[in-house]
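Note that the chains are named A, B, C, D, E and F in the order they appear, and that numbering of residues resets to 1 at the start of each chain.
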């Protein structure tokens, strides 16, 4: 059964004209990861959006925040589980395995975060992420209060909401254009 | 019955320390709109994200694209209708009224885009936006084909998906922190 | 983008044969509102049902009840928001704006009643209305008890249920035959 | 396991003050059916609404229409199946058994109308009823066209929509106040 | 309106080759019930699965358990109500009528178990059955705790889950192949 | 972050009294797999059901059928994806990786089978499995016809429905008692 042979279902420019800083980003990916993530290649169809995506992503996932990098990746996986997004489950599932050193945790979050033996802070964070993804119109003060009760600050709540929002965006873009993740993720950190 | 007295449910910095370019953006909003949109004020809780939001938003809604500005606003309203996002329905409903010169069109998209007498291109675009919002995992090649059939290019399809994604993000952030839109929108372009 | 040019998608009698009391009702509408609401014109396809609709409507929305007229209109808008009914959101959204003197309240109920700063009585009433609309089979004694707890009597609970029911009826009829509201509503009480 | 001992969960007036025409209606029920349907007893809490309900009901279910009485009862049962309304399934399930002379048809419509071996006209009618009940916002011109294709006139479509609407109303009222059907229905026409 | 004339929508073997023990089972059904349940006839298309089904069914519904036979039948009906399975609602609705001696209880569980005046043990059992059927991924420790609180043992909880699971299986098989129940059930125990 | 330390959330017998044939089954598992699957250990709480489960499972997944063993495992994973069942996604995801020799196929089916580049037969089979899992009451003749159109026989359709049913059963049992899969699955066949 052959694998999908595309980066995404939309045609990519044969020779993407990348600005120097974007070319540098691609080079850095190859150096550090061994490959350019397909999401970046897909964005090369719309070069201005590529740069914006990279900037937003770096601040969201790597910038200063009361949420650890692992926690941000956990949100990414749980949102993607709710939305059944193949690209994001593969790429961020691998990140959870790597950052946690716990391959099973990654699989639990892919399947159903409720089975994971989480401390209350993280369970509350993921309950919020699931609800905000599945029925955003029902989220209100009691949900914010549940986050405060386990110690999240106002900035943390903003960051949780922003991260949930971001993956609801990227899940939909990835599914809409049928982005396929690089194969390297599958075998890493198992 | 008093109105909500907040920009959002999370506390804002008393004196937000805005970088000069962000201060310039706020000043420009006051000059052009008469007010700083509350979404920007809300983001001042996380200044680095404020700049990124502004940059992404400008490219998405005002940058070069095969989608007209009105069409992008139409997507914003239809996604926000599916997600019942008050902030975005008010702010982008006004934009549709203004850009279309048709106040009823704005109201139709807020309530149920299916009642609007749309040309096939726009109906297909909004059908795609609704489905990608409500059941992203079900979107596939037949849905992309329906967009191509009414003339959308690969870049256009990318931009439609990106716009649908963006408002699925901003709807969730706005609802999660209870952002309230500026009152000025309500009476404009009726 | 042209507006829908019809009262409803079904053909209307060219010269509706209205009984004298119905003709009087139409005349009174023109005198008081400046127009005959399209819902009444649509019902002229089935004249006997027109009279019944008018009688039921008057008792429901204007008759003696423990619910204020504004509260009944609030229920109408929240049910119509859950059902995405364009006709009823436009007509009853205007009624909420007028009766409350608060245009923003009307918009909040159209989009998502949960963002409105409501007193507990009204919040409980609208929570009941939303649940009874979206998942009627789940409503039970705890839901009735929540209404009693904020002071509603047995008659009030009956009237709330009856009003929720009525708009679940009229939303479906209006959508099924594609009733379009009179344009006059859009600009009133903004 | 004792049965519910109430007409509805709200208290009824000890001695309902019925106007003479309503008393006559109750008397006629006892004469013809052997009992007063509990829905009428429940409405005696709000006597003005009782009369309106009776008038609307008679026109809807017994008045002149292109839909046969059996067809109207079939819609009642299918809507009530979608909404899991005990009262209406019992009362109108009996009516389908009686009018069709086919007890199994009644049971099929209670459980899942899709298993019934229906002629195309009735299958189209019930498909419309189910969709308009479960996702009213999605009903549009193709759905009306499907009704026209099997021979329904404009008046018939109006009546189908009205009947679907009516039971979406009465299902919600009956569930909200926990109306229990008279026991007599259960054993009739089996 | 003719009834379905089939055992199921898939063709049955003209002369099913039943092993002797299966033939004995069929003979025993005729002797005790007056007919061979159509579910068994349907399974004769796949004789090895027929035997397994019979064995599992007997242990599940008739074997030793902390759940009474009536309770197991109640679960069968409530799961089938959630899934709108005609075959199982007819066959197990009859079983509830017979075992409880209460025809109305059977009808309540078919329509909406929440209207039945149940003791807390049975209400908790059926709440668990409904939730596990409709949103299995949301079931967790609080749901198990609610069962323990009304006295169910670990073995009982296993049996409840197993029974809910079994009817989620058989509902899907019956609907997928359009199994029609024997007519005898309809008039029994009314 | 510690892993769950249990086979399931219900207490297991300290020394399960296994009948000789069941003990032989457990021994054979250790010999062939290196471990006893936790689902079997969980069933040892109810020894009679253990034997039945093993017999049904063997016929379903290993018996003669027009469906290949891989196809049966593919159905298992897709049903479990719809139901977010951790145990079954882990155990049967590994089986798909092993039987197909294609680790990515396993991950695609876990996340969203619609992204997998499947031949029409398998895509039709999995579309049927998804629909029968998520909305069983909507499955009918057109769905069976879609299976016949890609070459499935009556027996095959029965087996597809039976397999979909079985995992709708086991997903619910596994989630209801919080079964945790053996760790060995995670790293196999990556």
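Basically, a residue touches a chain if its C-beta (ideal position, glycine included) is under 8 Å from a C-beta of that chain, and two chains touch if they have at least 3 such contacts.
Each chain and its UniProt protein: A, B, C, D, E, F = Carboxymuconolactone decarboxylase-like domain-containing protein.
On a predicted model such as this, the values are computed, not experimentally measured, just so you know.
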> If you check the contacts of subunit A and subunit E, which chains show up for both?
Replying inline: C, F
>> Interface check for copies subunit D and subunit E. Shared numbers divided by all numbers used: above half gives same, below half gives different; which is it?
In response: same
> Roughly how far is subunit E from subunit F, going centre to centre by Cα mean, in whole Å?
Replying inline: 22
> At what distance in angstrom does the C-alpha mean of subunit F lie from that of subunit B?
Replying inline: 43
> CA centre of subunit A versus CA centre of subunit D: separation in Å?
Replying inline: 50
> Could you say which residues in subunit D touch two or more other chains, in rising order?
Replying inline: 84-85, 112, 137, 140, 175, 178
> Could you list each pair of chains that touch, in label order?
Replying inline: A-B, A-C, A-E, A-F, B-C, B-D, B-F, C-D, C-E, D-E, D-F, E-F
>> Touching residues of subunit F toward subunit E in the complex: what are they?
In response: 9-11, 45-46, 48-49, 52, 55-56, 59-60, 63, 83-85, 128, 132-133, 136-137, 139-141, 143-144, 154-155, 157-162, 164-166, 168-173, 175-178
>> Help me check something: in the complex, which residues belonging to subunit B touch subunit F?
In response: 137-138, 140
> Of all residues in subunit C, which touch subunit B in the complex?
Replying inline: 1-4, 80-81, 84-86, 89-90, 100, 102-105, 107-108, 110-112, 115-119, 175, 178, 180, 183, 186-187, 190
> Along subunit E, where are the residues that touch subunit C in the complex?
Replying inline: 112, 114
